[in-house]
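In the two assemblies presented below, chain A is common to both, partnered first by chain B and then by chain C.
This part shows the complex of A and B:
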């Protein structure tokens, strides 16, 4: 029993380490003097701490523009997701209609189609809509992830039907039930969903690379990629940029982690 | 007028018929319980009255109005649910005021109605709490408060006490009954607990398999069950059932399969010979000095006010309830005779009462 527990904890720590080491390495590299960045053997503790990379990056590249662009796209994707997924999840969880399960299964199966395959038709759709190089064009596909629908539907399904019946007798129609009962009761799920979509959109690279081709609409991940030249990779600047790019998402997660975890775990548990 | 009339109501789920053409009416101000085992259709029928389930066929009227196609919110009913169904994100006050606000009543009027309901139910101190901060009994009281504020024509209760512990259940039972006497509003109350049905209702509707088995006042059902199902469902401990046949002739009697003769129920006017089932309630058995039914004591359960004795005789189980002190133990033999004036008799084939 005890050995099993140590083994489990050991495994958890190992997994945590796999996640943690690159983050620490990024943070350390961001404050190392340039010669030490590529030195062999690698140095975990820099000989001196310098913040010059941050200054250099901000001077050379429009970092804050990228940050603002990323923020706008992530916020837009999150807002659209919350609105659209609410209605879809309600229809799939609480309304009885023919073919409901077939539609849900099809939507969930879409999760298994790789993003890269979707990107080609998506590109043409967005182009035809005239949304290339716009934040809306970048955000729309991110707001239609099947996983959002799945998360919210599972949460909605577990809300006792009596609550809905009570609201119906009290005088609510479907929209009233959704607004007065389902949404307020599901706030933890919305917290989890919002954070998930925001961070996903914040980190998203591939679709932004395709759909945002002008320099003034670049997002952070793409902007950082411009630090990779043909023969030269500016690791020091890249790490400083990456570190700054990671901070907002990390802070949001740390503040809201309890809601995120409860929202995700409650989605599967009958209360 | 808060009367409810159900005429030929049916409910189908696909090809499955859950409610088989039910007819009965509830008078204005009456307290009626729908009682029956799980799956008998009582909750479905209540939900049809509430407007939460569609009526496949037949008609339901509340007052003079046919409500088949009227939305739940417009039926002028209020419902109390088994698991309270309180909105977890609203305080007690907001839970109670919700329906009134949806009807766009003025602030002062909403407050007055909520305060009045809170006073009736003794919820004054709890108005600013959330449901999660309340005990089971308090939650149930809030659920009733939410129903009262709407001042409906009919109250519907769907097993409201089944989540409470035994002691609280008895207390809340009395509260609901008092509430009925105070408000004088029609109440339809669903329960699977026959004691609850007996103690609270003006009339009971006993249901089984989507059909009404019998409708009547509690003691009518207890004393004169119309069939075997009602006889065995109503009453705790259940009625003793003895198999045998009616014999006519010089001295008509009920002959048990084991040979003993019992006096026929006094209410039986014209006995016809043939197989039948003799029903006698445990408290309508009396101790006999000799003769009668001799059985071996299996278990003695003294409860203070009465003693319940389980007996076995020739493969049949018997229950005897005695209000006096008893000095018997497992293994003892007892002779019992039924009080023929309180006995029932049922047709062995159809189960319907012959009395």
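This part shows the complex of A and C:
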């Protein structure tokens, strides 16, 4: 029994090591002199630490612009999602009306539609709305993801009705109940929803590639992709760019680790 | 509830749902219908488009490159979906009970790749798998295995991308599955061990049946995402070698924005929609998941 447990521990540590080694290798490579990057035998400890790749990258590519663009789109998508799904989830979870089940079933079915496949017609719709190459055009389809509404609805429906009844006796209308009862007790759900949508939008690739074609509105994932396009492969620059793109995520993750993981576990669709 | 109250609630519900429904309508529902409409035309984005019926569809299925892309997508999905789910489930089971010393660090290491964006994942693995300077082929040679050229051999490229996807996404599934595992009451296991059931039997008679709905639901969502995979191939192989890793989404993207044949690209999108939506709908109904979600 005891040996079995240590075996399990050992396996966990080994897996964690294997899983994280690529990230470490990326960081090490980003600060290595170029000849050591292209060496046939891996050098885990660089002979000297150099930041020249970062300098070269920043001189060649508008990295901070990509970062800022990504941040604005993710923040915009998150804000719109939170506002719009709050009302919709209230209607689906706290109001009794004919057709509610039909709408809820449609919502579940909508989750099975991969929204990327809409990108060709969506391109023309967004173009006709004059939103091509705008952050709003990139963010709005993300705010329409049915998963967000589903998540909030699942939380709202489990709130006990007594609080709501008490508020109603005090003369609260639907907006009052929403503002004074539902939203305050749902803050963890809002945290989960925001984290989920922010990460999703931050890493979104397909739609940004199509809707943001001008160089000055590119997001981080789309911008980084330009590092691989050009003929000769410069792994030192590629690793420097990847590492710089990873650093914000790493820092935020180290600070908010518990919140992010519990947010994801709440947002991950389950029963 | 009295009828008038229900009706009034209906009006309020509609009002509350309206902003979301408008967004969803414009950016999710209308595109499906509009995409089908575009696919029936020789689409001209700036002038008049000619209605050609189902000719785009016929052309596609006669095009070996499209059939190849369809096939590649299925191969990728067949590798990636079980891998992502299985690795996620194994991680969740391993980390399940909290007594592992340093469990939080292990969990963080397994989850962190999910926070990388797809370009970083693709760029990083191109480097790791590089036949000359990559550390994966290097260490394979060290242990005496002759490494294949992972991203440059037609037979291996799609399974390789599936493994990379599992590295990227399994941590997310781990977190979701673990939440499901933790929701199983402990007394079930206690009762089972009193009855003399070992951990293997406990897994098959308690854990697996109780986890079934969440595993199946995760499977459907992973399928939906996997069938539309684009980022990984675009960064790692650009569909190569040749067209060995050209999946449907990449074929659609190229048809639209490299060949500017928007009608045919929309047809690819609609075919993908029919396949993915059809399969998930059938799975959803056959597996009886509807009641689990309300």
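Here, the second predicted complex is superposed on the first by the 222 of 271 C-alpha atoms of A that agree within 3 Å, B and C clash if a C-alpha of one lies under 4 Å from a C-alpha of the other, contacts with A are read in each partner's own complex, and residues count from 1 in each chain.
The working rule: a contact is a pair of C-beta atoms (placed from the backbone, for glycine too) under 8 Å apart; a residue touches a chain by one contact, two chains touch by 3 or more.
All figures in this text were calculated on a predicted structure; none of them were measured in a lab.
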Name the contact category of A:235: first (chain B only), second (chain C only), both, or neither. second
If you stack the two complexes on chain A, which partner ends up touching A:55: first (chain B), second (chain C), both, or neither? neither
Residues of chain A touched, compared between chain B and chain C (which is higher): C
With both complexes overlaid on chain A, does A:249 touch chain B (first), chain C (second), both or neither? second
Does chain B (first) or chain C (second) touch A:180, or do both, or does neither? first
Report for A:10: first if it touches chain B alone, second if chain C alone, otherwise both or neither. neither
Looking at the overlay, what does A:22 touch: chain B (first), chain C (second), both, or neither? second
Is A:205 contacted by the first partner chain B, the second partner chain C, both or neither? second
List the residues of chain A that touch chain B in one complex and chain C in the other. none
Given the complex with chain C, which residues does chain A contribute to the contact? 8-9, 11-13, 15-17, 19-20, 22-23, 25-26, 29, 37-42, 80, 83-85, 87-88, 90-92, 95-100, 103-105, 108-125, 140-141, 143-144, 146, 149, 174, 199, 202-203, 205-206, 209-210, 220-222, 224-225, 227-228, 233, 235, 238-239, 241-242, 245-246, 249-250, 253, 257, 261, 264-266, 268-271
Would you mind writing out the residues of chain A in touch with chain B in their complex? 160, 162-163, 165-172, 176, 180-181, 184-185, 187
For chain C, which residues count as touching chain A in their complex? 1, 6-7, 9-10, 12-14, 16-17, 19-21, 23-24, 26-32, 34-35, 37-38, 45, 91, 94-95, 100-120, 122-128, 130, 132-133, 135, 138, 167, 171-173, 175-176, 178-180, 183, 213-214, 217-218, 220-221, 224-225, 227-228, 230-231, 234-235, 249, 252-253, 256-257, 262, 265-266, 269-270, 272-273, 276-277, 280-281, 284, 290, 292-294
Interface with chain A, chain B side, in the complex: residues 47, 50-52, 71-73, 77-79, 81-89, 98-99, 102-103, 146
